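Common to both upcoming complexes is chain A, partnered first by chain B, then by chain C.
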Partner chain A sequence: MSELLKFHFTPADKARPEEENLHAQVSTDVTDVIKALQEQFPGAVTDVSVYAGEHTVFVARENLLQVCTALKETLGFTYLVDLAGVDRFQEDAPRYEVYYCFVNLKAGKRLRIKVRVEEDDAVVPSITGLFKAADWNERECFDMLGIRFKGHPDLRRMYMPEDFEYYPQRKEFPLLGIPGSLPLPPRTPEGELTLDPFAAARSGSPVKSYQEPAANDEK
Partner chain B sequence: MDSATGYLTTTVDSVVNWARSNSLMPMPMGLACCAIEMMAFGGPKYDVGRFGSEAMRFSPRQADLMIVAGWCSYKMAHAIRRVWDQMADPKWCIAMGACASSGGMHRCYGVVQGIDNFLPVDVYIPGCPPRPEAVIHALMDIQEKIRNEYSIAKDYTSGPQQSTVAPINPGILTSDGRTTAGGV
Partner chain C sequence: MPPTTSYHDQEHIFSFWPRHNETILKRLESKDAWLSTRRGIEVSRVEDALEHEMTLNIGPQHPATHGVLRCVVKLDGERIEKCVLDIGYLHRGIEKLAESKTYQEFMPYTDRMDYLAPYANNVAWCMAVEKLANIEVPERAQWIRMIMCELARISSHLLWLGVGLMDAGAVSVFLWTFQGREDLYNIFDEVSGARFTVSHSRIGGLATDLSPKAIAMIRDFATRYENIVRGWQKLLNRNRIWIDRNRDVGIVSADEAIALGLTGPNLRGSGVPYDIRTFEPYLKYDEVDFIIPLREEGDCLARYHIRVEEMLESLKIIRQCLDRLPEGPIRTDDAKKAYPSKNEVYYSMEGMIHDFMYTETGVTPPKGAASYHAIESPKGELGFYLESDGTGCPWRARINAPSFTNLQGLESMMEGHPVADIVVLIGSIDPVMGEADK
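Then we have the complex of A and B:
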């Protein structure tokens, strides 16, 4: 409870007059859920942090599926809002982090769960069996950061071409990409793929079709 | 006028160019936010129908002007080039907005830094997004370009290097009623 916000520009939350942080909302106060998880799965919750009245629950990778099943089936968190990865390159270890945001629609509560994995073992169990909504988010996370989701039914790239070899949201990936890794289309219908991403700057724009070299059957 | 000035071909050329330039059928390659301004360009307020281009053709076979509106990813580039190759000649291309012209603010690994890396662009429109008037202006530039093209002189369109006949140089009627020397 060290990092409470000290600015008070939102109205005080009437439901929790004893709460020191006026910024806090009832929907993010999930102390009872955290307590229930800690009792049900001793050792699963490795850490709990609070920032601006929001709880973040760190869960061990081995217990993720158990925790998500309990959240969905007994604690009422039936709605997976978001799921994505974070690269904490050179900030902290372990390097990767996957977060899950759940909502309990009946009780009006929000919960954020985080799982941290090491760089050389970036595998997280897939929760697609529990939440179908996780499917594309897990694929995106795999595409961008290279975190593998064990048990995902169709772990293909989401945005980048299937034969792309890199993970562009890893922080060591250069902003303008790796030249030659994403070919541009040929500059004439019969031509070769263009490997230079700045081909127009180096060798001029493609020519109009009536200036193209003649096709084989026209020669 | 003697036969050396190519009376028939220049006259037919001007008729064909008039017809082509006033009935450009755009292929709306809407990729991002710029496509919204392209819709305004085709809509009733800016009314590009005044310039004969209100008939947007979603089939490349029926279109002769491609408006690439928006940022283009490397994955999409291949589809765009394929559509472009399916359009029948003669065809023209507008790069609409900063993104299509140069990558714009998307200076990153996934966005092509200017569609002129794989398409022969005729007119670039600056702006983010350009106003519909700017798109109309680009269309008028293309019309201007078409009116100065030789279309019937087929030997010209098959490439100036391979041409055995030089392009026709028609005589021009000056303001004092003289005709300048034309000829080959």
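Then we have the complex of A and C:
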């Protein structure tokens, strides 16, 4: 394994699941739901981790839709609160994970499930067919991390314009951005696209143009 | 001069970010019209002989969109046939920035999310970190946080009320509610030293205690505004114009609201009793007496009633908090988990070192720790999902912003309504783009 980044003053101790958390809530204790899922879909739940009284249920990607259907239809988790992606850069493979936060309004329970995907096959089945609320969150996750959602009706970028070609929340994306990746509007109606000040300080012309790049023999 | 018939003909004007505009228009074309999705009526694709149809771009620079929200709508006469919302014009990448800041350093950024209720965001962030790192908060700090969160709720709702009425054509209420916000800003100024971006909460407690003057100001506000809000209710609850503009506009049923993932007053306006203050009681909300206003109509009027009633409930909570405010420290005494007091920093070497270390590294939750903590912010459920890698900076800080989730529902709410209702609908959803765009 490659050398890990060094951080100063880092306590080496790992999270201890048995430690009592002062802010733990009753609503996140979902052991019975996990049991029901394990019984209904043997093999679907790959791992369960606990921290601060919160369970995280790791689900295999091929079982995600089954599990979500069961959660919605039989287990009462009808309300999708949050959905987002996490980049686990430099951790053991797989690289990306998508986390879902469901709420059971009647029983007052909150559940978190996670799906892990490999970097070269970052595709997760879309749950928009079951939960309409997942629509924009999946788009955001695609925009920020480049994870694709199979079956999403409208997988456009959420925040960045379509003309942007990078996935900014990946760990390798520089914090200052990529110079010239988003040209600014021209100053006059017929003028040229302008550069952002950061890029202007570094190079003379916009890196990007809206013309197709010329093929080698056309040059 | 040739007549310009559609948005496409003006393409030369909108040459900036061409692919972006292209995909939005493509989406607008491919979307089903509201008549077929809601009522199951097949919309025939006949030639628009009478030229009723029009594609209209509203925003992002439009005062009625409450920020930089862009709506691209397909109109049939005056009715909205389809709508596509475009956000991201205020996107600053806060989640990315958080990954390179220590936990305490990131707190001022939360002020800039929902800038109408910065205190609630500070508290939400600090509580999320406290859960992740298992930090105790003294009693007095919890009560003060509660008071300030409720003041933030009132401040946010006051702006919503004033601007909402101004959208509907009544300017005087806007001036009255801004007078209220002025009083609140004076309170925030006295408490934290800043009027707008307060940044007063700290991990493990608060920056400073309430001064006697601040307590007197809050008490004065909490007693005086009860009558003022009731006066506004008298003016508006039976106001013909206000009711006609709001009733039966943007109806969302309870099932639809859950499916769309609406939160906060928008969800409760549809009759779903989901409020984090009772769902997962944080701070001392389980010890005070208040009710969660609930309506079942699901239209703009219901959302109006809920927000105004919430203001009255908040005033009630604040009065109870002031009566029960205990004496004691306002920040936890563990210098590895919270800033030491300024007296300690100025007069002892250890205090100085701890202050320096806390600024440099801050709290270090254990490696692999992950937790989600949500509070009921004025707009709805504001949650932070944090993952730690054992360092002083979060590995991943996910912000579940209520304005973002609420805006998602707006698209389907707008379809089928006249153009004139757009401003009322956006107002009743109460989005803040700083939060929706993160």
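Everything that follows uses one rule, which is that the second predicted complex is superposed on the first by the 170 of 219 C-alpha atoms of A that agree within 3 Å, B and C clash if a C-alpha of one lies under 4 Å from a C-alpha of the other, contacts with A are read in each partner's own complex, and residues count from 1 in each chain.
As a working rule, a residue touches a chain if its C-beta (ideal position, glycine included) is under 8 Å from a C-beta of that chain, and two chains touch if they have at least 3 such contacts.
Please read all numbers here as calculations on a predicted model, not as lab measurements.
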Counting only touches as set out at the top, which of chain B and chain C does A:Pro174 meet: first, second, both, neither? first
First (chain B), second (chain C), both or neither: which does A:Thr194 touch? first
Quick one: classify A:Leu105 as touching chain B (first), chain C (second), both or neither. second
In the superposed arrangement, does A:Phe131 touch chain B (first), chain C (second), both or neither? second
First, second, both or neither for A:Pro185, with chain B first and chain C second: both
Once chain A of both complexes is superposed, is A:Pro161 in touch with chain B (first), chain C (second), both, or neither? both
Overlapping contact positions on chain A, where the chain C interface meets the chain B interface: 159-161, 168, 173, 175, 185-186, 210
Chain C contacts chain A in the complex at 16-20, 22-24, 27, 87-88, 91, 93, 95-97, 99-100, 127, 130-132, 134-136, 258-261, 263, 272, 274, 279-280, 282, 357, 361, 364-374, 381, 383, 385, 387-388, 390-392, 396, 398, 400, 404-405, 407-408, 437-438
In the complex, the residues of chain A that touch chain B are 159-161, 168, 173-178, 182-187, 189, 194, 197-200, 205-211
Quick check: in the complex, which residue numbers of chain B touch chain A? 74-75, 77-78, 80-82, 85, 89-91, 107-110, 112-114, 116-121, 157-159
How about chain A: which of its residues touch chain C in the complex? 7-16, 19, 21-25, 27, 49, 51-52, 54, 56, 78-82, 84, 86-87, 99, 101, 103, 105, 108, 110, 112, 131-133, 135-136, 140, 144, 154, 156-163, 168-169, 171, 173, 175, 185-186, 193, 210
